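Letters A, B, C, D, E and F mark the chains in the order given here, with residues in each chain numbered from 1 onward.
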Amino acid sequence: MARVVRGTPRTDLEIVDGLAALGVATIHEVQGRTGLLDRRLRPIFPAKIAGNALTCEVAPGDNWSIHVAVEQAQLGDILVVTPTSPCDDGYLGDLLAESLLAHGVRGLVIDAGVRDVATLTEMGFPVWSKCIGAQGTVKATLGNVLTPIVIANQAVNPGDVIVADLDGVVVVRREDAAAVLEKGREREANETAKRARLRAGELGLDIYSMREKLATAGLVYEDYAG
Amino acid sequence: MARVVRGTPRTDLEIVDGLAALGVATIHEVQGRTGLLDRRLRPIFPAKIAGNALTCEVAPGDNWSIHVAVEQAQLGDILVVTPTSPCDDGYLGDLLAESLLAHGVRGLVIDAGVRDVATLTEMGFPVWSKCIGAQGTVKATLGNVLTPIVIANQAVNPGDVIVADLDGVVVVRREDAAAVLEKGREREANETAKRARLRAGELGLDIYSMREKLATAGLVYEDYAG
Amino acid sequence: MARVVRGTPRTDLEIVDGLAALGVATIHEVQGRTGLLDRRLRPIFPAKIAGNALTCEVAPGDNWSIHVAVEQAQLGDILVVTPTSPCDDGYLGDLLAESLLAHGVRGLVIDAGVRDVATLTEMGFPVWSKCIGAQGTVKATLGNVLTPIVIANQAVNPGDVIVADLDGVVVVRREDAAAVLEKGREREANETAKRARLRAGELGLDIYSMREKLATAGLVYEDYAG
Amino acid sequence: MARVVRGTPRTDLEIVDGLAALGVATIHEVQGRTGLLDRRLRPIFPAKIAGNALTCEVAPGDNWSIHVAVEQAQLGDILVVTPTSPCDDGYLGDLLAESLLAHGVRGLVIDAGVRDVATLTEMGFPVWSKCIGAQGTVKATLGNVLTPIVIANQAVNPGDVIVADLDGVVVVRREDAAAVLEKGREREANETAKRARLRAGELGLDIYSMREKLATAGLVYEDYAG
Amino acid sequence: MARVVRGTPRTDLEIVDGLAALGVATIHEVQGRTGLLDRRLRPIFPAKIAGNALTCEVAPGDNWSIHVAVEQAQLGDILVVTPTSPCDDGYLGDLLAESLLAHGVRGLVIDAGVRDVATLTEMGFPVWSKCIGAQGTVKATLGNVLTPIVIANQAVNPGDVIVADLDGVVVVRREDAAAVLEKGREREANETAKRARLRAGELGLDIYSMREKLATAGLVYEDYAG
Amino acid sequence: MARVVRGTPRTDLEIVDGLAALGVATIHEVQGRTGLLDRRLRPIFPAKIAGNALTCEVAPGDNWSIHVAVEQAQLGDILVVTPTSPCDDGYLGDLLAESLLAHGVRGLVIDAGVRDVATLTEMGFPVWSKCIGAQGTVKATLGNVLTPIVIANQAVNPGDVIVADLDGVVVVRREDAAAVLEKGREREANETAKRARLRAGELGLDIYSMREKLATAGLVYEDYAG
């Protein structure tokens, strides 16, 4: 049996957009270094987006459920697709991208392949995928839409926030999104200050007071003897 | 014993150029989802080309036969190189590329490495390769030129058409090339019409009449219950 | 016990800059096809640099020693980082890059991950890495700085010259650097001449006098027979 | 902050042992082809076990939390370890295995490496791991014990049932365990009957009534024509 | 459209059995180092078999055509299965193996996964596969049976001889099988003689008269100088 | 130019045999977690050996230098072979193994492939290799014998001790071998004592006095709340 769950809650788009501005590395840090999807997911062109997870589980080599998912899309969603078994086929091309854009979807995160990459780039439809693969898919086996999934070693629920940029993809729980945004902005302010000191030549050893800890841990300095 | 077969037939360049315009994903579809080379072959810069396969089989770490192949090149060929055993070395650099361009070769498809990638890019010599590898090769063991080969899990005969773009590489049998071109053009026309409907917000579920089949297959819609 | 070796010798920057101009493939050839680091190290953006190796050995998922290494940096160094066990985490981001630039470091070669890739690209801080990874690292275990290391299957000593471009990364022993530079310039001159002949349509078979050797090795030419 | 959750519920061991007898492939089928961990997890010697998941999240290259987990072990548990970032180090050797056996643990499932493999085999301590790796780990960073985790692309909660054999590793939700056991036994009975018919030479085409469906789908039989 | 070709010719089983005795490495050598399937195909238990190729092309995650293939099996066949797109699912388990054995099939070579490995081993049904994978497959998309295929980078025609042992898998063209058998037996006789001399301590340098060639090629002997 | 260095020193075989008894994991620990070769090197059958490194550098797909190396073998050597570029071919089969055994060589460590694996196992000739590969090699390009090499990311000098078992392969510098043996024996004695305590049910938390450190680091115990 396959299910489509209608009306799952989304995260407020103002929060979502704030998280996009922070970027993946900062968000990953402020949520205690959690939530990062496997780094095999790479962008087909440089982009930085965030959106609500429109989750979709598909059979290997079968993209039927993606068509089902389009109808459930809301403005500000990111389509998040995971196969039930590893697959490199091209699940999505320019037609489906056109349809997703028409329904307000901001991009695609998929633990499989995509195709029509040149056209997707021209259209400005951002994709993070495991690979580029022209191999077509069939429409024979059902999958789930808007159910909780695991993708690229992270659990994602519908309406969780997905943030993706050149560093990869991170998921933020819907219930944590506001708090993560606030912490992320604090971290950013703090980093801006540190960055200025580092640019001026100050050492991390001093800024972070590492010298004593390094000595305690046993670090030995010696002079080159040829 | 190694062989060079002279005077193998080519596919008409008008057909070849028509196939280039269609691109890899469309051609793969219209020939019944066959002919796609393994997706480990990736372009060193974005390009879209087609040409007649100038096949070349080489020993691992040995590019001697590529020099032999250059002499057999005809205008509109693509050099297609496969090692007899997996190898990541850089079989070709800027000098060989210069020579291939001088003899009318449009690009290289190789299930191994290439080097001088910056220069090849400046020269506009397109390459699809397994990797980029600066490791040099020797000239000690013979290989075959213009014989049937298997490359990246596809059989390729001399004079088959190779089409390559950002989506990968596909082979079209010489005897099928005209028919594939015709079917491909039909498909393209058909897709243009569908694309307009999808852009206008129509759903694939309706365009492709999927709703009944989905219900028959057992798809269940339910409302979110928290 | 972990060690920092102060005052290790460097290679003269005039020689270093000469090697940068030659590039990786040429240098690899003139030193007898040795010194090439594993091709898994790839640039985050196109660049071509050379510098003195500022070596740094780190624990998996731990970048503490990179902070130690910054203090030892000299103008014209390249930071060369290897984990004691394979790791894909993001050891370095924009803050550390800022600090390295402030101390004259020209770039990073790391057999692990980096993050903040968009910012590093804007800053123009070149990196060759195994992957891009947003996963953060801790500061709990010591490593060595400016000791001899093995990275990506090559031994590198502090002050050896690292050259990196689109083709990969090569190491030149400090004691061989001047000789390699000279040989490389000779090779380049020689290649320029050959390149002109190849562009004019001369065949490598003739330029390199291969025809007799090919016949002796048993190469057979035959005509296509259908 | 890292947490240890004491007193998480377990699945009844009678059910657990029933699931062990069914094996991985059967369980995976009867729960709708879900629950299978990534196939990179392989046994260090042939074994077939089931147990309650004693979950443990560790830092890369750091096995500190495994020591914490031992104290929480109950008779019939399987230790299930996932690193927060991919790592191939040897997190567990013969000493920890001795300790786990002493506390009733039946085996280990780990998305990383193990070592002392010869001794573990002599001791009869079964392990499914990503690899064998002698590289030692440190004890510097905390992890979580008995919290929900994702391992090898599957979500696992403490007290879920882990079944592992030569085919791989599957997780059964604690709340579904009894029902899965019952369905599995039915499937097994059914398969025994079918197996006898197949051994006698009957065709699956007939047993499963496939001939009409194949014809409808367009399968064409033709005779060899040379 | 998918096809089943009935009545394709087989190679005489006396020749097939002779080739089994020679083994993969010897056969690969005597056919000029050709015919070796990619080494990712590994046995699930140690075995050495040969048989006529019963070729079968399947969709990713779909084993429908294997049921079709069983009916075409003849005594002495080896089932040779390739997916049209890379897939690691378990296409075959103990039931299908039972059915294949009942129809005279000697084993399976598959560029994908298998499951029920413990039972297959007890049954003595040998398999060379890309991996072990418990993931089940569907029966929705047709494939071809007894048509020419490419598997693991080698072209295989129905009735070609497949030889498989601990070293891997090799294909022998049906039309070459008798000649390859004869050459293989000569090579074996020759190797037995050489092996006795090597066991007695004679050097390959002398047996193969390599010393002069090594000197010509520039090999230099020097004494250790500390 | 390729070199053979005659008369390089070896480590005393009494020390070598003592190291074999300790095994890879223990040695790796007592030398400060250094010296481990990449874990892609795996045994073709379970074995535990140690010997003096007889180093050999070979071209990809070319085993000429292994014949040269045999003549330099001394009783108690292990042949250690690294290709100058990654290669999976089968560099050594039963004939070369026969020859090596005849000259006192205890086994092979190779960062490439081997073949005739069934015969090597019968002969009891232990091998640690990157893969099993039947692909034959040529004899056209020279390599070095008994020179310092880098193999599988570790530097190895002729006469260093190689220890290999089911856990992998480790190198011990010749000058450190006696000290490593002594420390290893101490560690082993210490572990035997600890193992008895762990078997009796004592916790590592208490034996290693971890409780306070865990609390300081912030570990929190909580009770399951549903």
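The rule is short, and it goes like this: a residue touches a chain if its C-beta (ideal position, glycine included) is under 8 Å from a C-beta of that chain, and two chains touch if they have at least 3 such contacts.
Note that this is a predicted model, so its numbers are computed, not measured.
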In contact with chain A and chain C alike are the chains B, D
Co-neighbours of chain A and chain E resolve to B, D
If I list every residue number at the interface of chain B and chain F, are over half of them used by both copies, so same, or under half, so different? same
What pair in D-E, B-E or A-E shares over half of its contact pairs, by residue number, with A-C? D-E
Looking only at C-beta pairs that count as contacts, which pair of chains has more of them, C-F or A-B? A-B
So what's the Cα centroid distance for chain D and chain F, whole Å? 31
The distance between the C-alpha centres of chain A and chain F, rounded to whole Å, is 41
List the centre-to-centre spacing of chain C and chain D in whole Å, with centres computed as mean CA coordinates. 42
Taking each chain's centre as the mean of its CA atoms, how far is chain A from chain D in angstrom? 28
So chain E residues touching two or more other chains come to 1, 33, 36, 84, 86, 88, 133, 135
Under the stated touch criterion, can you name all the chain pairs that qualify? A-B, A-C, A-D, A-E, B-C, B-E, B-F, C-D, C-F, D-E, D-F, E-F
Applying the document's contact rule, which stretches of chain C touch chain A when the two form their complex? 1-9, 64, 67-68, 70-71, 88, 90, 93-96, 98-99, 101-103, 113, 115-118, 121, 131-136, 139, 141-142, 146
Chain A touches which residues of chain D in the complex? 1, 32-34, 38, 84, 86, 150, 152-155
Touching chain E in the complex, chain D uses residues 23-25, 28-29, 33, 36, 39, 42, 46, 48, 165-168, 170, 191, 194-195, 198-201, 203-205, 208, 210, 214, 217-224
Sort out for me which residues of chain C touch chain D in the complex. 59-62, 84-89, 133, 135, 138, 140-141
